[in-house]
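One structure is given below, represented as structure tokens, and several questions about it will come after.
Order of writing sets the chain letters: A, B, C and D. Residues in each chain are counted from 1.
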């Protein structure tokens, strides 16, 4: 070991480390998000460019993985250290949790000025506002109770889209006869949960969903309807291929796209995969509400939560919030992402059939009282309850719990997490 | 005035007292050997002199200055270690020059000094090598060179020869002796080997369990050991220790050995009066016992005793004969060509002039 | 050397050696499989990956994925590949490794050569630090970094890695210096060298093997760290692993497995290089004391 | 040599230690102090902080109102926690056992004066160099029945071959063991190899002269001599087993179901994703107690032994 060399290296390295820390002062926003894949990032790039036109720099802080799990860890570290990012992509109850900690900013002025109260659905405002104040700018509205079908496989099986669980089962049986995987599913807790909430909605209807999932009524969580839900889950489980465990959702979508599988239950972000594979709605694939949930919408909404970052950076923050709610950006972003705009006053002309259907469903559900937050995506319950439900659903789906045990565990787990 | 003084030195390590009040004085140019079995505290004492261990109490005075609180480097001492402690990453030259470099001696003066030392020790050809490329003897020389180059007031040697083979040990021992004679350096030397102690020292300190047993010249230590421990420790083969008893008859005391078989006069080294019936131990070096024909003609009192021979050990220069009488064994040093075999009777001659008498209870010598 | 073939007759010795070589080669192939999969996949086209067998050799090897991973792949909204993050990691790893190694060496030196009452307790407490689960310290660490203004900076990240590397580096050096002869230190003291001079001139130059072990260990751990990286850095200042994760585990969109794998190979290159080049010294360094634990 | 002249000393006859000497005496402690202070604050301080949090009702961020043992009741009423403990037991035993067995086996083979040692050694060592963030995808493929080994075997014509542990609830934890052993056994091999190289050759020669066959030499003499290496390896592996996190996340994400949950993943998910920071802290306290139970007796015996 040459000591002199080591000490020189050390000195040099220290200098580099010090200079690397310095950042030039310019108006900019730092955005923590987990939209790292090509399409999403491209969509976000629209926002970045819009902001740059206004002279606001974009400091990107992507943290991918586990639908924001790592991102939330990073956020905790940032907030605890007293240096939060300008805006953070966030879902549902996470927003409330953070707001409760008193670390978020205030967008009231901008919201009043731009009339957000009128154009953003009340169900979204539930999350975008805390204690009556605007704290977040909603980007989009996703809906989770969709079923995606391979058109060719569907045609082969009779061409009729299923309208209830029984018809779905019959269709899956036909797919099985065709020698393809009937239902493409990825065995990750949130995917299991997404499937489960659709089954809950389909089996018990919106009232039951609200009672069981939103109000966490113990009897509903362990009653006969819930038994039917778990039985249906067990039944659906028999239509999975053997490799489903741990598979990412987009790989399952790929199976349907390639015709190796017949159907996938997944949120509307799944459409992005079809579009990128240059498939067309109606000709190559069919998007329908999960059988039995027609007319109801389980939503989740990505929002940019604005953190309290001090006065001198607030101007850039407000510019960003305004840019997010810009209708042009809403269209540009949501057509790519598969979701529908967070404001109701955006025309649907740019959207494809699935998108148009999504916008229509959302508007109807919002007015008809059949719009509810998605549990699996953090819009029905706080994280702890959500994860507790996932535990039971996932273990049941994987055969670690019998239906009987699941019915017993579910209210217990929910109670323990509250 | 003595050059090195150690006054009532105590050292505790944990609860154990390792040095229990040591007093030693050494004159300038003296060669002091600290000798004793392992664990006697001799290395601790040396480390204390070097300043490598803090004292519990007492003083160390070098050349009139108390150095208790001085850092080792400021005591103007040099030390040669048992393992030589050569810096493995430096060449021989750098090793020797290191202390000078630390003292800010400039480069040319350093080179000069190294050269002169290397010449003295005949290691000039080794200067560019690293310690790992040297033999044991060469390393030893380098270690000495490192000490010499400093020209310190006191040299400390910590068992410097114990890692050498027998032949080399004798050679280097002689070199150290010569070095001392040539330079007239003041040296403190630790060893457990009593031959080294005898050959090198001008003054020997025998230590046992942290206390000084005896201080003296090699001859004093050898011939007049202060106690049984010193008597037993110094000399090889060890001093014969014969149990005896004082008997008085006709106003004169005598000592009975070997049961009642042999009665000897009180040796001349004893001047004190010994009471009747007192148990004593008579110490006699093997060379004070010989075959009858070789007995020292000038000895004033010689006892002739016939005994059974149990073992014969020729060493080349001498032959050690072990005799046995009344259950007591003793070793005699006889001439090399003695003709005797185990089992035979042999006439031994005991030179009682050389005998010393010890009190078996206190272990002290009786004067 | 503990090999004992000399006593065995020539014929059976040969058979035994064939068996030994066969075992070793089979094991080596098994150990290499994941790396093989990574490299072959990175050389395949996406279609080939989807259709084919993961263990098959690429039909038409192409380095397109490598080029893309290095300079073009999109991480977040910027599409500059992982090269920038690669340098981020270097900027973080080098000072962190150097500082933690140096401090560990000094600590080991004090704990073995300048002992004081209670040194064992101090060492024991420092050693226990190796075993703390990092997840448990994230939040308080974030608070501390924030307080000192080190949050979200490379310096802060370096600091964190130094703190949680200290236990290991101190352990390595302490065990190594434990066997280093005390007499050398005494000799140097008598020669007039002080605390630091003894360290720089005598101990450190003889610490080659353990420095290698420590550097390998620290370099690998810090380079591969994800948890601290994701928590205490952001955006374009992130280390390699964070960028790799953003590339590999992006939740939506087409997965470009070949690009992912190429990026993974890039992320692995420095540590692989260190192990391959210094592996020999690693075993030697372990021999020199680290093993005695 | 010329005569040696005493250098005049200017110190007074009796002086206490000079300031420089006193500084010299405390310098080692001054040098050690920053490191020790850092460890005190950033390890022990943070441990205390974690313990404190476990007695609060912290959820998304720390809060500091004490509510007693609530978090511990919650923790011990979580089936996930029991699963995590059970998995840690299975994983820990197999991981440590297999790493040591395989590591020792390869080390013994490598110690037979192998020609290509320089090539083979890095092959066995390299997994340690790679993070599971890097190799996770490759492993997932490899173990996935539809993509990896099973498919390869089917392609090769072995239709009945079945290797679906990754997706099998009962077996998934064993895939974690496989990947873990792959990663750490090479490191253990290096430790054993170092240990073997350090054994005094004369002991083995003596055994050979006594007529002991090679196997007996290893079984009766060499392996017992490696006792300290076993101990070191055990400690290193034990703490890696308890801290294993990347491994599980990369391979199974804790699934299928919660079949591969470990205390470390449990702690992370409760602290950060489930916003039950108090429960997460309680589990961290449990883990620290477990680690302490292993490490402290080891430290105690090690540090005591060495100075006798």
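The rule is short, and it goes like this: a contact is a pair of C-beta atoms (placed from the backbone, for glycine too) under 8 Å apart; a residue touches a chain by one contact, two chains touch by 3 or more.
Worth saying up front: this structure is predicted, and the values here are computed from it rather than measured.
Farthest chain from subunit B (centres taken as the mean of C-alpha atoms): A.
Highest C-beta contact pair count among chain pairs: C-D.
In this assembly, the C-alpha centroid of subunit A lies 37 Å from the C-alpha centroid of subunit C. Between subunit B and subunit D, the centres computed from C-alpha atoms are 54 Å apart.
Work out the mean CA point of subunit C and of subunit D, and you get 14 Å between them. Put simply, the C-alpha centre of subunit A and that of subunit B have 90 angstrom between them. Under the contact definition stated at the top, the residues of subunit C that touch 2 or more other chains are 139, 141, 205, 227, 245, 248.
In subunit A, the residues that reach two or more other chains under the touch definition are 66, 73, 76, 79-80. Counting partner chains per residue, subunit B shows two or more touched chains at residues 71. Contacts from subunit D toward subunit A in the complex involve residues 59-62, 74, 77-80, 140, 144-147, 164, 166-167, 169, 172, 252-253, 255-259, 268-269, 272-276. Of all residues in subunit A, only 66, 69, 72-73, 76, 79-80, 97-98, 100-101, 187-189, 241-246, 382-384, 387-388, 391, 394-395, 397-400, 409, 413, 416-417 touch subunit D in the complex they form. Only residues 181, 183-184, 186-193, 197, 201-202, 205-206 of subunit C touch subunit B when the two sit together in their complex. Residue ranges on subunit B touching subunit C, taken from their complex, read 47, 50-52, 71-73, 77-79, 81-83, 85-89, 98-99, 102-103, 146, 150. Against subunit A, in their complex, subunit C makes its touches with residues 50, 74-78, 91-92, 94-95, 98-99, 102, 138-139, 141-143, 145-147, 151-155, 158, 200, 204-205, 207-208, 211-212, 227, 230-232, 234-237, 242, 245-255.
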